[in-house]
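Here chain A shows up in two complexes: once beside chain B, once beside chain C.
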Partner chain A sequence: MCFLSNLIWLSSNLCSNDAAQPWQFGFQDGGSPSYEGIVELHDDIMFYLILILVGVAWMLMSTIRKFNWNHNQIVHKYLNHGTVLELIWTISPALVLIAIAFPSFKLLYLLDEVIDPVMTVKAIGNQWYWSYEYSDYLDQEGQSIEFDSYLVPESDLEIGDLRLLEVDNRVVVPVDTHIRFIVTARDVIHSFAVPSLGVKLDCIPGRLNQFSLVINREGVFYGQCSELCGVLHGFMPVVIEAVSLEQYLAWLSDQIPPYLTKEGYTPCIYLCITHLPSVC
Partner chain B sequence: MSLIAGFDARFPNQNQTKHCWQNYVDYFKCIKARGEDFPPCKQFFRAYHSLCPNDYISKWDTQREEGNFPVNLNP
Partner chain C sequence: MALAPITGILRKRLIFDISAGLGLGLACSYAYWYGVHIPSVRKRDAFYAKLAQEKSQ
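Moving on, here comes the complex of A and B:
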C-alpha cells in the first residue's frame, strides 16, 4: 500500500502513509483501532451508497429511454395511487437508514469511551502553536513535564522533512498503551486532529475534552489544527511520535530538568512499575 | 492503587472539566479534614494534576491564597 503510493506520488515517505500527500484521494494508513473503525464504517456505508446509486441510475435511465419524445407511451395515465409502490419506496430507505445508523452509533459511542487509561497527555491549543503537559510524572514540588511545539520554518527543514508539518518538539508516546488525551485551548477554539490515528477533537477555552488513543505501531503521525483559529491556523501542526516503551522511558528521563534529578526524585511511573520493573 | 486518574463513573462524558475541578476541590477538602499526610488524599492530588492544565492549577492556587476561591474548603 505504502510502496504503491510512493511509486505513484513519488513521495519522500518511505514508510507508512501517516501524513497527507499531494493530491491524495484515499485514506492514510491507520495507526489506531479508532481509525480502523472509521474506515470500516466508511466501507459499510459505501456499500449502501453504491446500491442506491445503481438503483436510482437504473430508474432514471429507463425512464429517459422509455418515455422520451419519440415513443411517448403514456402508460398508467390515470394512475394516481399505488399502495405497494409507496410502501416499497418508504420502507426500503428506512431500512437502509437503520442499517447505516446502527454501525454508526456503535462506532460513535466506542470512540467516546475512555475505559482505563494508563497515562494522560494534555494538549493545549494556542495562537498559533500547541503546548503539551505530561503531569502523571511529578516531582516532590509538583513540577511536571511541559513543552511547546512550534512549526519548523521552511528555511530550517532538512532533507526528508515534511513542509508545514514538522514541529520542533514532538509528542512522544508509547505504543500499545491506553492514553487519555485532554484537549483544551487558551485563547480561541482550535481542533486537535491526526487523521491516521482517527482523531479530531475541538479544543475549547474553559472546557476540557477527552479522547482515548491506542497506537498500534511505531511511527510519526502528522496532523493539523482543524478549526479556523486565526491567520496562522495552517501553521500549527500536530506531530505524534509513537515509540516502544523503553524508548519512551528514555525520552521521559531526558525531559526531566537536571536540577530535579537530585535525590528524592522518582520520575513516578506507573508505567514503569507495571510494565518494566527492570528498567526502573 | 492507580497512580493516575482512571475512569470515574461520575464523569463518563467527553467533557472532563468537572472531573478535574472536583478532584482539585476534593484534595484540598481532604487535607484540611485529615491532614497533608493522609494517604488517600494523594489520589485526588495525582488525579487533579493529571487532568487539569497547569495554568488552571496555578490560578486556583492563587485564589486559595487570596481567599477568593469560590468553594468553601473547610470541613
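Moving on, here comes the complex of A and C:
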C-alpha cells in the first residue's frame, strides 16, 4: 500500500534531475543541445512506434477473434496470393523506416561534428577512476592541469551528496562554450557517459575518440562508466560541473599556482580569456 | 429464408481492420504528440527563455 501510494505520489510529482533518481520515469532534464536532439528523435520515433503498435495489435486481435475455426468456418482457400496486400505490407514499413532513418542519420552526423572548439578536455579511463587533462592551460613549467577523479566512499559522503555518484574532483567547465572532449583509456575499454548531456563514448586504449559539448545551463551533471571494465566498474562515476565563465576562471586560477601579471590575471587566465573571446 | 451474401466479406473486413487499426494508431500517436511531447517542449523552452532573460539582466 505504501509502495502504491509512493508510486502515485511520484507519478503526480514527476521530477527529474541531472542524475538518475529512484523510481524515475522518463528522461533526465537535458543540459546540452545534443541531449535535446536525442530526446526530439526519441519522441519522433515514439510517434511511429505507437502507430505501429496500435495498428498491429488491432490486426492481431481482429485476426484471432474473427478468423478462428469456431467463428468463421469459411476457409479462404482461393486467397493464396494478394499482390496489392503484399505491396501494402512491404511499402508501408519501408516508408516508416525512411521517416525514422533520415532524422536519425542527421542527428548522428551532427553529434559527430567537432567544429572549432574553444577548449579541450581529455578524459582518460583507468581501472577504476577517471583522469582529466586541460591541455589548453600551462603553468610556468609547461605543465597542463591534470587530476584524477575518484568516487567518494559512502563513509565520506556529506548531506546532499549522491551515493556512488559523487567524486573528489569534478570536471569543471564553463557554460555556453564549445568544448571538445577527447577520451581514451589506459588499461581496458571504458565508456564516458553523462546521460543528461547526451554523451556516451567508448574510451579505448591506444585510440582517441572525441565529441563536442555545449552546456546550456549551470549545474552538476552525473554519469557513470558504461562499459563493463572490471570488478569496480560501477564505482567510477563521471561528474561534470558547468559553471559561469567567472567561476570557471576562478577555478582555473586555483588549479595553477598564481603569479599575477600587470593586468591582474595569471598567464593561464589570460590564455583562457584569449581562448574564449566569444564569451568574455 | 434468404441467406446473407458471403462474397466480399474478407475484403470488407480487411479494409475495416486496416482503416480502424491505423486510424486508432494515428489517434494514439497524435495524443502522445500533443499530450506528452509538445508540453515537454514548451516547458523546456520556457525554462531556457527564463534563463536567457535572467542572463540578460
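Here is the rule we use: the second predicted complex is superposed on the first by the 234 of 280 C-alpha atoms of A that agree within 3 Å, B and C clash if a C-alpha of one lies under 4 Å from a C-alpha of the other, contacts with A are read in each partner's own complex, and residues count from 1 in each chain.
Here, a residue touches a chain if its C-beta (ideal position, glycine included) is under 8 Å from a C-beta of that chain, and two chains touch if they have at least 3 such contacts.
Keep in mind it's a predicted model, so treat the numbers as computed, not measured.
Asker: Touching A:120, do we find chain B (first), chain C (second), both, or neither?
Answerer: In the superposed model, A:120 contacts chain B only, not chain C.
Asker: Tell me which partner A:135 touches in the superposition: chain B (first), chain C (second), both or neither.
Answerer: Touch partner of A:135: chain B, not chain C.
Asker: Just checking: does A:56 make contact with chain B only, chain C only, both, or neither of them? Give me first, second, both or neither.
Answerer: Touch status of A:56: second partner only.
Asker: For A:233, select first, second, both or neither according to whether it touches chain B, chain C, the two together, or no partner.
Answerer: neither
Asker: Mind working out whether A:47 is in touch with chain B, chain C, both or neither, as first, second, both or neither?
Answerer: Touch partner of A:47: chain C, not chain B.
Asker: Should A:200 be classified as contacting the first partner (chain B), the second (chain C), both, or neither?
Answerer: Neither chain B nor chain C is touched by A:200.
Asker: Based on the superposed arrangement, let me know which partner A:216 touches: chain B (first), chain C (second), both, or neither?
Answerer: Once the two structures are laid over each other on A, A:216 reaches chain C alone.
Asker: Go through chain A and flag every residue that touches chain B in one model and chain C in the other.
Answerer: Shared contact residues on chain A (touching chain B in one complex, chain C in the other): none at all.
Asker: What does chain A use to touch chain C in their complex?
Answerer: 30, 36, 39, 43, 46-48, 50-59, 62, 66, 74, 76, 79, 85, 88, 216-217
Asker: Which of the residues in chain C come into contact with chain A in the complex?
Answerer: The touching residues are 6, 9-10, 13-14, 17-18, 20-22, 24-26, 28-29, 32-33, 36-37, 40, 44, 48, 51.
Asker: In the complex formed with chain A, which residues of chain B make contact?
Answerer: Residues of chain B touching chain A: 2-7, 13-17, 19-20, 46, 49-55.
Asker: What residues on chain A touch chain B, complex-wise?
Answerer: On the chain A side, the touching residues are 112, 114-120, 122, 124, 133, 135-136, 138, 142, 144, 146, 180, 182, 184, 186, 201, 206-211, 268, 270.
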